[in-house]
Amino acid sequence: MSRLSDWHIMGALALTGIAGPLLFPAFAAQFAFLWLMVTFALTWDILGGRMGYNSFGNIVFFGIGCYAAAVIQRDMGLPYFEGLALGLAAGVVLAVLAAVLLGSALLGIRGHYFAIATLGLAVASGEIAAGWRYVGAGSGMALPLYPGALGERELFFTWSLLAVAALCFLFCRFLYSTRFGLALNAIRDDHDKADAMGLRTTPIKIFAWCVSAFFLALSGGLAANMIGFIDPRDVAFAGATFGVWMVLMAILGGKGTLWGPVLGAIVFHITQEIFWTYLLGWQRVALGALIVVIVVFFPQGIMGWWAEWRARREAA
Amino acid sequence: MSALLEVRNVTKRFGGVVANSNISLRVEKGEIAGLIGPNGSGKSTLFGCIAGAHAVDEGEVFFEGAPIKHLRTAPIARLGLVRTYQQTRIYGAMSCMENMAISAREAQGGLLSLLRPVPPATSRRAEDLLAFVGLHEKREEKAARLSFGQQKLLEFAMALMNEPKLLLLDEPTAGINPTLINGLIDRLRRANSELGVTLLVIEHNMRVIMNLAQRITCLAHGQVLAEGTPDDVRDDARVLDAYLGVA
Amino acid sequence: MFDNLQLLIEFPAVTLDVVLNGLLIGAIFALAAYGMALVWGVLNIVNVVQGELVVLGGYITFVAVQWGLPPLLGLPLSAVVMYGVGWLIYRGVIFRVVDRDIFISILATFGLSILIQQLANLVFGAEVRSVDAGFGSLHFLDGMVSLAAVKIAAFVLALGAGAALWFFLRKARLGQAIRATAQNPRAARILGIDTDRVFAATYGLNAALCGAAGSLAVMAWTIQPYMGLPYTIRSFMVVVVAGVGNVGGVVAAALGLGALENVAGFVLGVEFQIAFVFALMVLILVWRNIRAARQRSYLE
């Protein structure tokens, strides 16, 4: 994709994101979730697609963002927006700190051991939150009400989640254009070789996870306020939904590509919104089946499929 | 002349197997040294011990006079001691130019220095080195799509990109088209004389190593069997025995 | 929070009760872990759907008992039916991911686990289920230590199944084919072993072991649609600690885990027992990796 068309697509998406909820106020929440999904897929792909570290545990940073905002907004006695701002900041700081600590411990592990370790991390975090009374234990936490009018509330969260997704996209785009992006790919293609060529792989890997954690925590605090309630296992540390969707959307779009995760998130979210209501309680069964089908039959993703198709057409 | 690399009484065991036993070796600054020996004589293991991939059980390794046994591969590479692999390791899903760019010395810097695009000077140098090994036409090709011999050349170019003081080459001519081998020998010599890279080369092709190296060490059964000029080593009866399996 | 720790220190009989009950439950973990080691060693797959196979086995016994079958007959029934389920899963999905990137198989089996877990939720409901085997309990030390007889039976049966597996792998023709395939699939193929059939049988055998484990779990403990993943993680942890080809080590590690888990549940509170299992697994991996790093290697 040339630079020009890149900016065109970004502009069109931004315009859709800004004007969409104004024109179709009933769909404002769907737009908000779409941007959340885009952030999910993009942040997963930093490690999963670019660096070859398949993580099931990124949801932990989202959960930290949710809970940090909820606790600060509950305990600090600040007006709504001040509380939200402080909550988001605290969430980001805690999540990045967690990424540094967990990264130091876990990012030395490779391959499927890393995948299973991060899966354990995600479930353990949810279970700890579900047993910890200070954060409401199993009954979760309610967030303060948005002070403005009803429609205004939807717009505020839709646009702020759009802003997070856009920032995340632009930052990833910048990262992948630098030597840092090449270093991530080098670690993915041959970790030992990257070490033998003198790359500082450990700080590179930890920083990559910190970038994921930063944007996930930010979107977590906002999403918690938008939903208004956080359940430890079904919202904050929702490993079986959000946690797997991240992986699925990135693979569906094409992992390791710039636009793949965005595309995957859009396709997944729209499909989900259209078909989910017809499935009458079978949604999660269908999700399991969808994972199997995509992983087994379509692991190259839409971008990979497109590249293959173009290569075949050029060869013909 | 001072020793750039000194291996002193190095022993490496894997379980009960002694892969390197009490090996000593010197490489002088500016020379091309050869390392030969039959299969399984411990040459690649010795490379691993020098470059930090293996923990050395006994003995010591000095690079520019400083002990490096305790260091891992990455800090050793940053000191200017780089190795290539027998099975050729490149970054398969990246283009040749990207392989070169991330192998540049400045990519070893801290995080902040990585958060910049590849500087034009680095790209020019990468193109020059790719041209030097004859891969300039393939510069935008994915590395995994190159032939084995081309990958070997790419790995050599990547190592030069790293601006090492000492380069350990593990069988640089294996898998290379025989008609191109003379050209490769010439390039290894030029890397040594023009770029100032000291070389320690593992090689099975006797014609190549006798032509190339100024001094040769021969290993057998994990021990140093003979050492000297190519002529000395060639005429050594023990070396002949080791290769023919009479010993 | 640590009041119960005090209790354990002051009353050794309570400690004995908690540890023994844990050990007995650990035998069920051992069954599921044998299966995981088998599939890991032969198919080179980390089977994330392992726990759901256990839960399904439990539901088969549960339904059979509701239909009037004696509980103990549920065990062979679960094992046989689950062999068929395992074979179907292999033919439907697993054979397509066997020789692909290991993350593909992890994600595919993770998808299967969500699928089965949600199906079980729709069919059987989210309630916690158990079956009363009607054996009563044994009491020791003035009733300070009480062990359900069915747990002891489960323990014996699980160890018996382990021994049977050990003999099967060494003596039976199919068992030998399985071991040959585990060592070197290509060589096995050259020697005329139909490795695809061996894979299918191995996966079926694994599912049968899980079925038996589930049947014992529903009698000695409880089952519930969302209890699968903890069994997967327990099996994984046991295999990581014991090593893939080590039946004795698997038994020891599984019993140890059962005891440890029960003590942790008692001390930290039952609400943290699952968190403990998952956190323990993460810690074990980190510890193994630190040890590997000392050898200039890593966990992969």
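Chains: A, B and C, in written order; residue numbering restarts at 1 for each.
Everything below uses one rule, namely that a residue touches a chain if its C-beta (ideal position, glycine included) is under 8 Å from a C-beta of that chain, and two chains touch if they have at least 3 such contacts.
Worth saying up front: this structure is predicted, and the values here are computed from it rather than measured.
**Student:** In graph terms, with chains as vertices and touches as edges, which category applies: line, ring, star, complete, or other?
**Tutor:** If you draw each chain as a dot and join those that touch, every dot ends up joined to every other.
**Student:** If you average the Cα atoms of each chain, whose average lands nearest the overall Cα average?
**Tutor:** A
**Student:** So, comparing C-alpha centroids, which chain is the farthest one from subunit C?
**Tutor:** B
**Student:** Which integer distance in Å separates the CA centroid of subunit A from that of subunit C?
**Tutor:** Distance between chain centres, rounded to whole Å: 32 Å.
**Student:** Between subunit B and subunit C, what is the gap in Å from one C-alpha centre to the other?
**Tutor:** Comparing mean C-alpha positions, subunit C is 48 Å from subunit B.
**Student:** Per the centroid of Cα atoms for each chain, what is the distance between subunit A and subunit B, given in Å?
**Tutor:** Here the centre of subunit B sits 43 Å away from the centre of subunit A.
**Student:** Could you list which residues of subunit B touch at least two other chains?
**Tutor:** 53, 72
**Student:** Which stretch or stretches of subunit B touch subunit A in the complex?
**Tutor:** 51, 53, 72-75, 77-78, 82-83, 85, 89-94, 98, 101-103, 105, 107-111, 113-118, 158, 162
**Student:** Over in the complex, which subunit B residues touch subunit C? Could you list them?
**Tutor:** 52-55, 72
**Student:** Which residues of subunit A touch subunit B in their complex?
**Tutor:** Going by the criterion above, the answer is residues 175, 177-180, 182-183, 185-186, 188-190, 192-201, 203-204, 207, 256.
**Student:** Sort out for me which residues of subunit A touch subunit C in the complex.
**Tutor:** 54, 56, 105-106, 108-113, 115-117, 119-121, 123-124, 127-128, 130-131, 137-138, 240, 244, 247, 251, 281-282, 284-285, 287-292, 295-296, 299
**Student:** Please name which positions on subunit C make contact with subunit B in the complex.
**Tutor:** Touch residues, subunit C against subunit B: 294-296.
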